[in-house]
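Note that subunit A is present in both complexes that follow, paired respectively with subunit B and with subunit C.
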Partner chain A sequence: MVLTGVSAAARLRGRPGRGRLAGYLYLAPAAVLLAAFHIYPLFYGAYVSLFRWGLTREAFVGLSNYRALLHDADFWRALLVTTYYVIGVVPAEIVLGFTVAYLLSQRIHGRAAYRLVYFLPYITSMVAMGLVWSWIFNANFGLLNALLRVLHLPTPRWLLEPRSILALLHFGRGLFAAGPSLALVCVTAVTIWYYTGFHAVVYLAGLTAIPTEIHEAARLDGAGGFGLLRRITLPLVSPTTFFLAVVATIGAVQSFAIVYTLTGGGVSGGAEAGGPLGTTRVVTLFIFTTFYTEFRVGYATAAAFVVFAILLALTALQMRIGERRVHYLGG
Partner chain B sequence: MRISRTAAAHLLLLSGAAVTAFPFLWMLTSSLKSNVEAIRFPAALVPHDWLWQNYARALAAAPFSRYFLNSLIQSTGVAACVTLTSALAAYAFAFLEFPGRRILFGAFIATLLVPPEITLIPNFVVITALHWYNTFLALIIPMGASVLSVFLLRQVFLGIPRHLWDAARVDGCPPGYFLRRIVVPLSRPGLAVVALLAFLRAWNDLLWPLVATSTDNMRTVQVGLLAFSQNVSTDYTLLMAAAVMVVLPTAGAFLLAQRQIIEGIGTTGLRG
Partner chain C sequence: MAFDNGTRMGRRALLGRVIGAAGGLALDGWIAPRGSGGSAAAADAPVPVAFWHANSGPLGTILSDLAGQFNASHPTYRLQPEFVGNYTALNQKIMSSVAAGAQPDAAQAGAYGAVAAYLRAGLLVPVQRFADGPDGLSRSSLADIFPGFREDNTYRVEHKAALVSWPFNKSVLVFYYNGTMLKSLGLDVPRTWDDVAAASEKAMRAGAVAAGMGWTPGSELFAALLYQNGGRLLSMDDTSVLFHAEAGVRALAFLKDLYDRKIMYLTKQFDWQNDLVAQKICFAVSTIVSQQYIQQDLKGAWDLGVAPLPAGANKATILFGSNGVIFAKARPEAQAGAWAFFKWWAEPEQTALWAARSHYLPLRRSALAMPPMRDLFARDPRQRAALESLDYAHPMPDNVAAWVRIDPLLQDAITKAVVGLQAPRDALQEAAAKANAILRG
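Right, the complex of A and B next:
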């Protein structure tokens, strides 16, 4: 669509020679850096994952790293923790982001100020804000438990609590005691806090792109309130929803700084990254500790490739679903 | 009816904004309290005595000035590098005509599919082999190109009226001259957004500096702050003072250019 202007101008020119070479020259700096640090690692990483590789390359082991991952309970648990995390984060970010954007799109006073506040977390350091949150959640000195103590309510250990929330709520025992730990729920909540403004801003751009005539026409036809939202607005922003679902899923699987700061790297005092009993050890933390603390470079790279494959499959699946569900305006 | 709906919307938005803003307020006010007051409940939103010396104590408790200098060098270097490489590439994609342009643009976009967890370890091995480990080269060069910035700037450049380019070509204006004299002056806001976003990304990054550096004199603010948090344990006022200092430059830059940054992100969906 945007290319039409270019090709029209190109027909006017069509002078070969110096212009061609210039094109490649202008591309070269970015292309070289991308090739060296984004494309080459893909192939080099695939190579590394076939070796036992500690401080240096040790021995070719074929696919054994991948085979070992299949039997690694820690890796499977990291995948499960990541699944809980993604399920907790993505829908909440989308629903909250849309709600904020929808309310802001209603010609409301102070829109710029609201937008500024909601967006603030997104541009600040995850480490700094993670430290603030881990203090708020601190079992002994945190604000949250101070409040609960005054109200004579039970004071959980929040980020240090490995038990599942289902067990803590006495919701089923034994078989149903599985589920995300309270620590992971806290990490999920902070992640949602961090990204909601980003989603709201992208939604707001999508909402303002809807021509006002469409809403006016629907109103004239007797649509209003909730019906208008459900039948007109939501379908029209579905490309944005789809885009955000894909981006948020990828982002959540790649989360590192928030999880690392809240459980393991920060003041919460967990000896090992990944929180109480590894219940917040998402796959990126698994890869990081395997690589950085244990220095099993080949094995960590193989794990990264498995995660990459899962992510690609998930994105492809979202694309398939998106194709059928998304409505494009005038397309 | 209409008024009550607006009031309800404001109520919802205000409560959401309160939750969003609270940690920032808490960080700011706690950074000025005494240690005793910081953990007292009910907590005061305004400190009893304003202890500005907490900031001096935090600066003295760890080599923060060194961390700031390192982060400043890294982030400025990354911003300069990204803006330069992206502007050149975006110019080629927006104006210049050469065989394989569309395929190359597709290849650029395709690199977005390679996630950071894949590039992390091979890049570490590569910078070690290049003897860049624990140097500024390692902190800057691998982050020196950004596909999303190329994409954003290409959109900006495509907004420049075509007749300017056609007129320049007819007059035999060389491509470099047109870029410097026409494209760059007309795209200042777009270039500023790209530079600022690159700066923020580098300033706030934790994983790569954590992996690519090893000594205290090469640590960036994020890595330094995290290490500091493990050392001060429960001296929360110091920790909050340090956190404020780490947040301040990015928050300041954001407040100065918030409209451009928000619109830049709203339209391209950059997610750091």
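Right, the complex of A and C next:
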């Protein structure tokens, strides 16, 4: 006998106890996985953060780890570096991703090839990509400086340069307060290069979801060119923009592999990652180093919870802003 | 730190063992033939000793060969070496195993500061306990081990100095040079840092290289120069740092001078190695183990020279490498097996064999007279360079738990001073103030 969806639902409605049980059974595999790998670690992490915990549990310290973080200049610096990084990465990824997607949605020759080219970085191994970019940025014999030498231009030290770009342009002093270091700008640029293809693909999906009749109707009403883009296309892809803004912010705050590979981790075990002078030491690297190099597990876990709280607040803020500005078709 | 951590058993562990024993008995009755033969066989079975390490590729093969030899000569034990990734991965796996309560019996402790952290967490049985035991080492045998290696593995345990870990794969900072280039320029192998500067300038003037040396800033070369100037990184009682004293300031000023005169440029990670191979520089400082990697890339294009680190006012260099540890949670018979392996590993025959095949250093002086080392010296006299340095080699103070947090401060101070962001004295004093605060706890 073939049991259709409707008849199965009707049968289940007829036996409420069984239906509920079946529902729980369907949920169980996912719920068990979530509980084992997300919920339990979350609570256990909260528990660990309340202890002085080296490699093993030592003493209950309550909120001392959190209080210590408030006074830890390295942690604040890592947060500042992360802020510079997020501000550099997220808007650029969104603008470039949309621009590429918009151009690729037009009727141009070799569109499929362009789509492949832009998406290629995203499917490249992050470590391999990091090593190649390290060579491009090599201060002494890298490709970029070789090109600059040919053009008789100054050759910066790129990933080895701890001074801020503003300081290099004689607009400021200091290492951290004067803006991101040139090394961080390099890491930011590589991140943007890596993720633009992903953003473009998501935007392409958003653009193709816009019914053509809306554009046609707008054209009939005299809209065209930039006006069409600003008044029709951009508002209608705003759910995609909102989604990408949330995902990119979370991704940028959690960035690790790119920074780790470009700034000295990997081969040497990570002791130097985050250099030069900690100017690329984003908060995930701070947590990693504190946990695995300094063996301060409780403290690192507390830092991870602070970052979690910051991300939660940021996402809530984005949701609040997004609710007002996002236009859903048919909504 | 209690030495007998393994003798007390928690309720959960007891329950686990009871269930395990019951399960073992049940399986024994189900699978093994009845009679006493099975139990006798179990009693005679070699004790498995799990040993986690980070030796990949050819090094892993040599270690496996030696482990096979150990098992053949020690039928009581079955050493099971397990490669678990590089030093970082090894450390991460050990941390995870600690959380899961399932450490190996013994391991290589490679990540810097790892032994100090394991000791502080009460995870280790100091090897001193075995060295002093019935299967221990004689005074003369212990004295035969190079002093730097003993110092590197000595920690304060209950206010006394004790051997906590055991030297495993050890190397030392040496000086590499492009022998072919020096010969063509009519230059001798530099013996002092002044020689290095002079030779670099001559090679640069001749257009042979872009700079004399490439260097990835780190605390080890600075420490070597500091010791050469008669300084120390830490006070004798390890309660305060001394790297900001005059010897340290002079060491850092010298590095800055090399950088300012463009005799030395800065690199990232192992970029200097590629630059040396490509003849963009003619000198480099690294551990003796780098030799095989450079040779591999070089493919005989030119003659690589190895010499002891150039001298300053005195001779000094720095020890590198990992040590072996025995975990407190291991069964006593497995701990005994791990110690038997470590002791065997450091015997002249084995350490000579390991050194000759791996380019790491032999652990004891008497190994130099062993056939594998004699053959190595006959084949490649450069290997002596590292050994000549051992008499004046110092370990980095990784046996001080706080060093793992102090070292990055020192590295930052070195970079800041060399690139001219801060004067050497100011940079070191700033780092010292933070380091002393960490040491005060």
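Here is the rule we use: the second predicted complex is superposed on the first by the 288 of 331 C-alpha atoms of A that agree within 3 Å, B and C clash if a C-alpha of one lies under 4 Å from a C-alpha of the other, contacts with A are read in each partner's own complex, and residues count from 1 in each chain.
Criterion: a contact is a pair of C-beta atoms (placed from the backbone, for glycine too) under 8 Å apart; a residue touches a chain by one contact, two chains touch by 3 or more.
None of these values were measured; they are calculated from a predicted model.
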Item to check | Residue contacts on subunit A - larger count, subunit B or subunit C | outcome: B
Next on the checklist: If we overlay the two complexes on their shared chain A, which of subunit B and subunit C does A:250 touch? Say first, second, both or neither.
Outcome noted: first
Next on the checklist: Tell me the contact category for A:292 with respect to subunit B and subunit C: first, second, both or neither.
Outcome noted: both
Item to check | Partner chain in contact with A:160 - subunit B first, subunit C second, else both or neither | outcome: second
Next on the checklist: Is A:141 touching anything from subunit B or subunit C once the two structures are fitted on A? First, second, both or neither.
Outcome noted: both
Next on the checklist: After the superposition on A, what does A:264 contact: first (subunit B), second (subunit C), both or neither?
Outcome noted: second
Next on the checklist: I'd like to know which partner A:54 touches here: subunit B for first, subunit C for second, both or neither.
Outcome noted: second
Checklist entry - Looking at the overlay, what does A:277 touch: subunit B (first), subunit C (second), both, or neither? => result second
Item to check | Overlap of subunit C and subunit B interfaces on subunit A (superposed complexes) | outcome: 141, 266-267, 269, 292, 297
Checklist entry - If you look only at subunit B, which of its residues touch subunit A in the complex? => result 6, 9-10, 12-13, 16-17, 19-21, 23-24, 26-27, 39, 41-43, 81, 84-86, 88-89, 91-99, 101-102, 104, 108, 111, 113-126, 141-142, 144-145, 147, 150, 155, 158, 162, 165-166, 169, 175-176, 200, 203-204, 206-207, 210-211, 221-222, 225-226, 229-230, 232-234, 236, 239-240, 243-244, 246-247, 250-251, 254-255, 258-259, 261-263, 265-267, 269, 271-272
Checklist outcome for this item: Touching subunit C in the complex, subunit A uses residues 54-56, 134, 138-141, 157, 159-160, 162-163, 175, 264, 266-272, 275-278, 292-295, 297
Next on the checklist: Considering only the defined contacts, which subunit C positions touch subunit A in the complex?
Outcome noted: 86-88, 91-92, 95, 98, 111-113, 117-118, 120-123, 210, 214, 216, 218, 265-271, 275, 278, 280, 404-405, 407-408, 411-412, 415-416, 419, 421
Checklist entry - In the complex of these two chains, what residues of subunit A are touching subunit B? => result 2-3, 5-6, 8-10, 12-15, 19-24, 26-27, 29-31, 33-34, 36-42, 44-45, 48, 96, 99-100, 103-104, 106, 108-109, 112, 114-129, 131-133, 135-136, 141, 143, 146-147, 149-150, 193, 195-198, 201-202, 204-205, 243-244, 247-248, 250-251, 253-254, 256-257, 260-261, 265-267, 269, 283-284, 287-288, 291-292, 297, 300-301, 304-305, 307-308, 311-312
